[in-house]
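Just below is one structure, and these are the notes that go with it.
Naming follows writing order (A, B, C, D and E), and every chain is counted from residue 1.
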Amino acid sequence: MWCTAPSSSSSAVSRQAGWPRSGLGCGPGGHAVADDAPLLEARDIVVAFGSFRAVDGASLAIRKGEIIGLIGPNGAGKSTFFNCLAGERQPASGSIMLRGRDVTRASPEDHALLGLARSWQVPAVFDDMSVHENVMVGAFLRHPHAAEAAAAADQVIDFTGLRPVARARSGSLGTPARKRLEIARALATEPEILLLDEALAGLTPTEVRAAIDLVRQIHARGITLVIVEHVMEVILSLAHRAVVFNQGKVIAQGAPRDVVQDPGVIEAYLGRSLSRKPPA
Amino acid sequence: QGAPVKVGTLLPLTGVAASAGGSAKAAIELAVELINTPQPDLASMPLMATSGFPGLGGRPLQVVIADQQGSPSVAQNQALRLITQERVVAITNGYQSGLVQTASAIAERHGIPYVTGEAVATNLTERGFRWFFRTTPIGPDIAAIYVEFLQSARVNGRPVTKVAIVNENTEYGTSIAEVIRRTAEARGIGIALQIPYAANSADVSAQVLQLKDAQPDVAIFISYTSDAILYARTMRAQGYRPPILIGDNSGFSDDNFVQTAGDIAQGIINRSAFDPSRPGSNSFKVNALYKARTGREMDDTTARIMQGFLVTCDAINRAGATEPAAIQKALRETNLDAGQLMIGYRGVKFDEKGQNSMASVLLVQLRGREYISVWPEATATAPLQLPYKGWE
Amino acid sequence: MILAQVVLNGFLVGAVYALFSSGLTLIWGMMNVVNFAHGDFVMIAMYVAFVAFTMLHLGPAIFVPLAAIMLFLLGVLVYYALVRHVMRGPMLAQILGTFGLALVLRYATLWVFSANFVSLPENLLGEVQTFAGLRLEPSRVAAGLAALGLTIGLHLLLTHTALGSRLLAVAEDRSAAMLVGIRPDPMQALAWGLGAACTGVAGALIALFFYITPTVGESLALIAFVVVCLGGFGSVPGALVAGLAIGIIESLSAFWIGPAFKDLVVFILFLAVLWFRPQGLLGKA
Amino acid sequence: MNAGPLLAVRHLEVRYGDLVGVADVSLEVRQGEVVALLGSNGAGKTTVLNAIMGLVRPAAGEVLWAGAPIGGLPAFAVVGRGLALAPEGWRLFVNQTVEQNLRLGATPLRDRRREAELLERVFAFLPRLKERRRQSAGTLSGGERQMLAVGRALMSAPRLLLLDEPSLGLAPAIVEMMYEKLAALRGEGMTLLIAEQSVELALEIADRGYVIQTGRSVLEGPAAELARSPEVQRAYLGIGGEEGAA
Amino acid sequence: MSAATIPTAPRAAGRWVLGVAALAALLAWPLLVEDEFIQRIGALVMLSALSASAWNLVGGYAGQISIGHVLFFGCGAYASLLGFTWFEWAPILGAPFGIATSLLLALIVGSPTLRLKGHYFSMATIALAELARIVVVNTPALGGAVGVSGPAMPRSVLDLSFISPLPYYYIFGSVLAVLLLFTWWMSRGRMGFYLRAIRGQERAARSLGVPAQRYKLFALLVSAAFTSLTGSLYAAMLGFVDPDSGLGILLSVKMVIAAALGGAGTLFGPLVGSAILVPLEEMTNAAFGGGGTGITYVVYGAIIVLISRFAPGGLAEIWTWLRARGTRRGG
């Protein structure tokens, strides 16, 4: 069903005609929708800080092979929701199923073991280790031996284009490079599902384009993705389905191109500019 | 003349016992001076009339003082250093029993005489060591005098029935408390209350209140200096005075205690072997010399340390040689009588285990800033005054 | 009656604990620096009081502020000479540096004053008072009041003033503080000075009823660390609450269970609290 | 002062140990201008801004503020002269509240009374911060942190405001609003130097721009010209030459 | 960056030569020095390096600053000497029991305390060690405050009671070699990476599937075992332990100091730190201790202060710096 999403809004696609391979939508991951049971499913998640409900009954089902774009205004609760999905935070109520298992109260390391990896919005790299070593920490999850882990890390580093800085101390990296490293590190755990929290922020449009390619390649490896991103281009060109958060609730979801036309979404999130700019 | 004869002395010059170590160091240095220069005034004591060691052709004495830092391991290191680097002919003292134990083990292995003047743990002379000697009275001697005193003492005209012991719970306090309890119970005096406490407390008021609550006839404190001072102050603050207050030796005989808390602990009874209050006695003269040197009274611990050192020197002199075996032999043959000592022992004569069989103790009482011997009556300089006055 | 006295004594001792912990928690909270020399700062302050009293014949009204000033200067000096550089390194460097400093202070004092015990007259602030059968030492009451005053003062300073906010800002992120125009070194020196000055007040007041010797800080320091941790690192009110709690618990357990076990009780309770509140009583999660 | 530029950076070089962060960058910012600093990842934008602010020491080259050298001055001194930076990575005081963070931003002000007024202005500028004023900064969402970083820099009422990727992590609507308000600030006489990854946006608001590449200045000019420059389009906008011309 | 392109072969060879030379020196020097006191200091350096290296696993690599490691040291020391007191065993035969007790204790106390962060963990470990000390002081069966002694007179070689310090030096040295080999092996493998990751960013590490708690506990277990063994060796050499010398905080602090001085979290840091601290301590004591003025510790403390002032990262920092300079010159 979601495979048809990108093509349904062909007008938007044409605006980006110059960009390579955009609007392709359904990547090779599309093969994986064999069974209908969601890979990861969150039901009625609530997270409260005192009286303030950062996440207020949000639900989301992610099927294998999907790329979900999670958008919403600042402070809508996206990262908090993410943290619940990754086992970092336990919701006050609601449940989370990963591959049919209830992981609502499972630890982050169990999530990782079950094939869920994530990046952090506020980068959390191991400053005192080199980039390569950072990635190795991730690789050790599936390759207990140092030599194999190093080899696996090398592959990921090449794949993510971190080769030039592989030996650098990761504490010396700038924010965008750290985010890239976060992706690499998460990939090295060989996840089935990858949660990216603004991992592509801080890139120039050209770099965003390259990063989109990277994400596509990740997807092509059969990895399901959930991405939070404020750069609409990323959502539009990558996501099969956009989910809009506002004040802790899902206010809209559907094909990205439809969602961005939604007046509620425009009002809450996009502002006038996107709607004002007429499609070329 | 000739090259000086080196004797090693281990003392706690840093750490919590540094204050005692400092006093002892001054006494040892005094002893060296007394031996190396003629002291006609003290002629009744060996080596005093002459200079240096006459038995060794007048060679002077040199002491090498080492700091054991309150650590058994350092004590051992320093003993080894004294033996192998300083080439001392004998080692004396050591202070805490545990440290004496480890340091003397090194001396034993290297075949060097070790003489302690103050460590009281009974087991030290039970180890079958051949090079180890001890001049001080030990637990049973101490317990005996307390118990005899308690048997004869009267509170409001009736015999003492209720005794409380407050002891710090390291080796010194535990072992003394234990031996007093055993001896007392063997002689039919029950210990009504025993309060072990951790040394160097920030606050001791709970102990004092417990005593105040229990109202014993006699309170016996076994403490180091810091706690002794706090007890005196806290008892005053809490307005508590037992009819008889005994402060066992260590902390209470320390001149630091007398100087800082003596005024509020008048009449406290202490166990001592050193009574400098009788003019003309060796103790009196040595104390005067010590006071001239340091400005402080010599306390019992310091005096026992000094006596142990002097006994060692006497043995070296009698050995007529610096070979360890000769000194060991001379030590075994030691036979000093009371008049040859600077302290109130009946004499110095080692039994087969190396323990001085002539060591003895007496009781003294604080008057002003001086301890006066009051018991047994035969050797007392002044009559006992009861009840305990404290701060009045 | 005795029990009331036990609790009262515990309360006053607890106040003293709080008093000599306030400086430690301040330095700890504002610099994230472990001051292993804290006990020795207390000791130095006690000697300042001692020297001021016996040699200069100054009363408590003068020597307490004098100790505060002297210790302030010591704190500033230590900051510029040592801590500033040590903070470049890992936390272990602070342990190393302040442990070395502790030895230097302790034994330099021993060098100058010898290991002998000294003390101030016990009635400098007047005689023991009896209220409703309870005995009160004026010097301990003074220490208790000072603890309360300092705690409230420091807490207000840290939470309700721009200066406090700046002090905390430097502690959190030195270069970010520079970025908003704060000169970090004077601020941190001030934090050390203030922490040391509190310690100075504490030491001078404790000298009124405690003995003084170069190693006295050692036995006090451990309690200070426990108080600060139990209260929550950096929390000044936490130190007060924890100090009082420890004082009373110690006193009661010493009375009931026996003084040899009072530390046992305190440490067990301490670990129990950490089990349920890993950030201390009033610490931030 | 009206003669020379407000800020001039000449042949700036910054080293991180053995690594060269910035090799040779020169730029000028005149009073009342908005200048964009462009460059790809790791080009050295952040390093230039940090060097201007005194967070890192230049190894060579000059930084002149109103004609006086400020290169190598510590950051607090630079801030005292009327510059402020919303840094990369935000550098918030995460244990203090939003309001305390903002008030800390006002430290360089001589006149304390203006603090309240500026606080209101920032709250008006970024209303979300007002909602969250009592919350500790460490619990803010990513976008809220960005707002706070910008707000804190504004609190010192600087003459020159340096922004390091201010749109990072902000929702589109907020970005738009912020840029509008920045334009307004400029109207009030504030000068702006913006390092921005959203090249389009930056060139929209800027008067002039500089492009740096691997630590060297490579291009400069009026914003509109840069936007049309094929090099910029290819390198940063990812737009093919022919499309840019269209 | 340019460093990476320098061919590594000559450097690696150089490192081997250097390593073999260092090893030879370590083995040979005590034989060349006749002075027993110096030899004994050598043995004590090894002993200190052993405990500091064991501590380093938890405190350095895993970044959990334990100041209660004396707890494990005490287990070893007490097990050895209690074995003798109760059953007349040679002290070293008590070592396995000390290790077993330490492991048990580490397991029991590890899981709750390792949850704690930073200073809270440090304080909790101090509290635990103090608890143990107080319990021992008040338990006559464990020697109480008096302590327990080993055999007064050596009965067989097993008593490890030697007059010369040399055997101690080599025994301690070989155990240290085993520990360092383990550390080296560990630091290069998964465990080393995981521990460093935990030390850096525990949250992030966990999200990468690092079972932080389990690894910290494992590091604690290994560390406790070796610390306990050190305690047993110490007791065998000294023949005496009491609550202060076997369970006192100062000992914990010394482990931390030795590791920090040389460079915590580095392989040889604790050895280097011990090689400086122990002789420094003994030499200053030998030189000034008898004076009774406390100058010993003024000098000792001042040197520690100076090192922390000029090399806060430990002497390893200076080493790295020198090497960086060397390669820059060479390159």
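We adopt the following convention: contacts are C-beta pairs under 8 Å (C-beta built on N, C-alpha and C of every residue); 3 or more make two chains touch, one makes a residue touch a chain.
What you see is a predicted model; the values in this text were computed from it and never measured.
Enquirer: Give me the step distance from chain B to chain D, shortest route via touching chains only.
Expert: Shortest path length, in steps: 2.
Enquirer: Where the contacts of chain A and chain B overlap, which chains show up?
Expert: The common neighbours are E.
Enquirer: Out of every possible chain pairing, name the one holding the most C-beta contact pairs.
Expert: C-E
Enquirer: Comparing centres built from CA atoms, which chain ends up most distant from chain A?
Expert: Most remote chain from chain A, centroid-wise, comes out as B.
Enquirer: Take the average of all CA coordinates in chain A, do the same for chain C, and state the distance between these two points in whole angstrom.
Expert: Inter-chain centre distance comes to 50 Å.
Enquirer: Take the average of all CA coordinates in chain B, do the same for chain E, and state the distance between these two points in whole angstrom.
Expert: Computed from C-alpha means, the inter-chain centre distance equals 38 Å.
Enquirer: Centroid from C-alpha atoms only, then distance chain A to chain E, rounded to Å. What do you get?
Expert: So the centre of chain A lies 45 Å away from the centre of chain E.
Enquirer: By residue number and range, which residues of chain A touch two or more other chains?
Expert: 168
Enquirer: Hey, what residues on chain E touch two or more of the other chains?
Expert: Where chain E meets two or more other chains at a single residue, that happens at 1, 134, 137-138, 294, 296-297.
Enquirer: Give me the residues of chain B that touch two or more other chains.
Expert: If we look for residues of chain B contacting two or more partner chains, we find 13-14, 18, 21-22, 169, 196, 198.
Enquirer: Would you pull the chain D residues touching chain C in the complex into a rising list?
Expert: Checking each residue of chain D against chain C gives 53-55, 74-76, 79-80, 85, 87, 91-96, 100, 103-105, 107-108, 152, 156.
Enquirer: Quick check: in the complex, which residue numbers of chain E touch chain C?
Expert: 59, 65, 112-113, 115-120, 122-124, 126-128, 130-131, 134-135, 137-138, 249, 253, 256-257, 259-261, 264, 293-298, 300-305, 307-314, 317
Enquirer: Given the complex with chain E, which residues does chain B contribute to the contact?
Expert: Per the touch definition, chain B meets chain E at residues 11, 13-14, 18, 21-22, 25, 64-67, 69-74, 76-78, 80-81, 84-85, 97-98, 101-102, 105, 109-110, 121, 123, 127-129, 169-171, 173-175, 196, 198.
Enquirer: Applying the document's contact rule, which stretches of chain D touch chain A when the two form their complex?
Expert: Contacts found on chain D: 16, 19, 38, 40-42, 46, 88-89, 128, 132, 139-147, 165, 168-177, 197-200, 234-240, 243.
Enquirer: Help me check something: in the complex, which residues belonging to chain E touch chain A?
Expert: That would be residues 1, 4, 188-190, 193-194, 196-197, 199-201, 203-212 of chain E.
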